[in-house]
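Note that subunit A is present in both complexes that follow, paired respectively with subunit B and with subunit C.
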Partner chain A sequence: MIIATIVLAVSVAAGCAGLIALAARDGRAYAIAAPLLFGALLLWCWEVVCLGFGVPRVLLPAPSGIAQAFVANLPTLWADFVQTVIRAVVPGYLIGCGAGYLTAIALDRSAFLRRGFLPLAGLLGAMPIVGIAPIMVMWFGFDWPSKAAVAAVMTFFPMLINTVAGLSTTGALERDLMRSYGASYWQTLLKLRLPAALPYVFIALKLNFTLALIGAIVAEFFGTPIVGMGFRISTEAARLDLDVVWAEIALAALTGSACFAALALLERAVLFWHPSFQKFALSKP
Partner chain B sequence: MLFENVLDVLAPAVLDVRHVGMRYESREVMRDIHFALTAGDFVSIVGPSGCGKTTLLRAMAGLTEPTSGSVRFKDREIREPQSEVAIVFQDYNRALLPWRTVRGNIALALEARRIARSEHPARIADLLRRVGLTRHADHYPAQLSGGLQQRVQIARALAQEPQVLLMDEPFGALDAITRQRLQDELLEIWSATSTTMVFITHDLEEAIYLGNRIIVLEANPGRVAADIRVDLARPRHQLTTREDSRFLAIRHQLFGLLSAE
Partner chain C sequence: MNDALRRAAPIVVVLAATIVVWYAAAVAMNLSAAQALAGTGAGPGAVARAAWSLDRPLLPAPHQIAQTLFTGVFTEPVTSPRSLVYHAAVTAGTALLGFGLALVLGIALAVAIVGTRTLDRSLMPWVIASQTIPVLAIAPMVVVVLGNIGLSGILPKALIAGWLSFFPITTAMVTGLRAPDRMQFDLMRTYNAGNRDVFMQLRWPASMGFLFAGVKVAATLALVGAIVAELPTGAQAGLGARLLAGSYYGQTLQIWAALVMAALLTLLAVGATDAAQRVLVARRGGRL
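So, the complex of A and B:
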């Protein structure tokens, strides 16, 4: 116990010193090294606390235990990943985001729809997922379609709201410009307003992936074939096999972060012209 | 004097502003503004802020309809934007599409006119040469200085091959040196084409330096205070023209008109 406390104190001190030393430097190396070091320090302290203070595995397994469970259950995790992420989250995400985007364009076109539908969409956005999930399971069955439906419902509203907001960012001057060309509604939409709305669309794209993932996992608690990340979490938790639960959590976190990072890179490539990315992509000649 | 009026009658009016008035609810922005632009003219419009300069320009562009009177282009009444009338906005930062290169921004005007894609490269190259932007064809607006960005806007307006070019304080946000250079380039473009220029500015010297004619507006509500002929020799010169006694006399006159309020 005493040894654990000392080790903990020393490693926290060393880690902080390292972070402070890194903070003095600028640039890319620091931007990558700082979160890595911070993460490593966190995992290390977690490990020391679990082993040193003898925390029961059921309460909180050590990172090394989770890693072992991860490797040992790799085939199961892969099957769960395919069932939940590939079959349910991805199609649900694409359908939800696509429908939200198209609905936003339709709402933008018609003031009548906007007044009538936007408050209703707000209602949809406020629906609790634990309420939607069992209903979707009733409608679409136990397998992945019901999970994809939950993911679609959850991602629809944020995309709708963000795209509507993005479409309204074009100011009077830009519209005057397009009008002075005699541009049609569709020309103005395609050449001016949709590109201008892209920064908002990307915010929704990035947030929505995590939402879709959470939605699909939670939906599996309400009925599922005997595969899937949510199914595994609920059954293994019931059997007190918490290592596997943590391994699934780690898998979900890794999937979410990887997709977020990929979308952020895509955003940077597409929105190179946006002021917030200019220092990366454009330089003065 | 009489002879001049006769000329005005004989020369064809390309843009005819007829007793234009504008009211937003109880506020009167413009009252009975009346003048005609002859083809190939260079008209400066000056006035204090609040005299409705921008509203007048928007009415001439067909972007807003006046509440009384009318604007006519040749023999038709303008109710919406005409392809023969192009606009250059003051705020070049927002008037250019940031996701398109210089080339792409100029192409926007060609796309709007539905000109065949195969013709774009040659036309764009010609426009770039005319405004001295050939080197910057593939740069994005954010990579360019204010002066260069405003040149892109002028090139894009010229891509419309307009008969009238309306400019709303186009050089207002630029530094003095850049502004003088663009003034001279604009005069060159004007003398190389027969485009009728309407140039709104709050800079009295700029109005005299560029124009053949200056329309002075007064505020509350906006109305024509004076319509002055500028008989200075062309080509104009940044130093000698500005030192000309007639230049100074007009400056005196304008100053008197605008500070009388």
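So, the complex of A and C:
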């Protein structure tokens, strides 16, 4: 107990000193190192507190215990991952984002429909949409289609709203230029307006993956076959097997962050021409 | 007036079309149950009427939802567990407590991040990264663990609601507190203003517009968090419990009514935020 207190105090002091030193310097490497050190310090303190003060495992397992549980339960975790992410989240995400994108382009043709739909879409988008999970379970059954449906509905509105906003970003000057080239509506759309809308589309794409993951996991609380991340979390939590629950949460967090990072890289690759990704972009005054 | 009419007309048309499609879909989705109810040889009108008045329809007709909502809100006594007002109040209370926690902690953290370079460089990336984590997934665990150490009732649920709504407030405040431009900071320097004055006179007032934008998102998230946090508590009280119980017993009308109630609560929250913003704008002479 005393040793743990000393270790904790020393590591917190050393860590803080290190953080202050790192944060005081400019440069990309330091900007990456500082949060990494912070995360490592947090994990270390968690470990020391759990082991040193004998925190019961049913309350908070130590990171090392979670890591062990992660490795020991790899086959289960993989089965849950396939069920929840590959079977439910990915199709739901693709369907929801695709439908939102296409609906936005369709609405773009008619000012009347846009004025009619957009306020309602904004309203619906602000609603607690996860609540439709029990209805979807009733309609599409216990297996993955109902989870994919929740994910699709949840991702639809952000994509729709963002794409519509993105399509309206092109200025009169650019559109006039396209007109002077004699470009048709579709040419203007494909060559000017859809590329210009891409930054907005990527905002929705990055935001939506987590939404889809949340939708699928919450939908599993309403009934599932005996596999899946949401199912595992709720049943293992009820059995007080918190190592496994934390391992599952770590898996969900890794999935969410990895997909976010992948989408951010894709954005960089696709939008290399956009001012916000130019190296010598004009900075904000 | 004419302008308002021109803006409202498309919305009304779209809404009317939605309702017509909904009634048609209700017939299509409930067809087999409706045919069984109406009996063989019943005309299409009778089948449609049957489809719109089933006890447990696959898709209830809008008027059925309205009816369930009306009985749930107005006819049941407020203390009864069948009253939607009671469940909505439980959920709203949880969301409000969580939102209050998130507001205080979120603003405090934003102030700390803007004020200390170390926190900005080391903590802020984690605040942003935490958004890629499906936080709602940990709701059952938080409820179970805190229940284990004797904390049950509103607090575990409020913690989940607060955790969800905390992020938009923090990021909005960090952006807002940094919103003033260099010229304004320079002006404060020429006044020989200290850090405290710069904060109170410049940064804080400049951040309010951002804060309200964040609060609007946070209020909705707090409600989502409160509803989901009610799921693992075993369907005792709250709109989430209502959804779960409806799902167990196939009571579709109950599910839809709870959903509409949740939507109304969201509207109320957003409306209250708007009202607070308007009061602030009025007090600050028409600007935010």
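In this section, the second predicted complex is superposed on the first by the 267 of 285 C-alpha atoms of A that agree within 3 Å, B and C clash if a C-alpha of one lies under 4 Å from a C-alpha of the other, contacts with A are read in each partner's own complex, and residues count from 1 in each chain.
FYI, a contact is a pair of C-beta atoms (placed from the backbone, for glycine too) under 8 Å apart; a residue touches a chain by one contact, two chains touch by 3 or more.
Since the model is a prediction, treat every value here as computed from it, not as a measurement.
Undergrad: Check the residue A:126 against both partner chains and state whether it touches subunit B (first), subunit C (second), both, or neither.
TA: second
Undergrad: Comparing subunit B against subunit C, which has contacts with more of the residues in subunit A?
TA: Ranking subunit B and subunit C by residues of subunit A touched puts C first.
Undergrad: Mind working out whether A:23 is in touch with subunit B, subunit C, both or neither, as first, second, both or neither?
TA: In the superposition, A:23 touches subunit C alone.
Undergrad: Looking at the overlay, does A:183 come into contact with subunit B only (first), subunit C only (second), both, or neither?
TA: In the superposition, A:183 contacts subunit B only.
Undergrad: Please identify the positions on subunit A that touch both subunit B and subunit C, taking each partner from its own complex.
TA: The overlap between the subunit B and subunit C interfaces on subunit A comprises residues 285.
Undergrad: Under the stated contact criterion, what part of subunit A meets subunit B in this complex?
TA: Residues of subunit A touching subunit B: 171, 173-174, 176-183, 187, 191-192, 195, 273-275, 278, 282-285.
Undergrad: Could you pull out which subunit C residues touch subunit A in their complex?
TA: Contacts found on subunit C: 7, 10-11, 13-15, 58, 117-118, 120-126, 129, 131-138, 140-141, 144-145, 148-149, 181-182, 220, 223-224, 227-228, 231-232, 239, 243-244, 246-247, 250, 252, 255-256, 258-259, 262-263, 266-267, 270.
Undergrad: Which of the residues in subunit A come into contact with subunit C in the complex?
TA: So the residues of subunit A in touch with subunit C come to 16, 19-20, 22-24, 30-31, 34-35, 37-39, 58-60, 112-117, 119-120, 123, 126-128, 130-135, 137-139, 209-210, 213-214, 217-218, 221-223, 229-230, 233-234, 237-238, 240, 242, 245-246, 248-249, 252-253, 256-257, 259-260, 285.
Undergrad: Sort out for me which residues of subunit B touch subunit A in the complex.
TA: 58, 61, 63, 80-81, 83, 85-87, 89, 91, 94-95, 97-99, 108-109, 111-113, 136, 139-140, 142-143, 160
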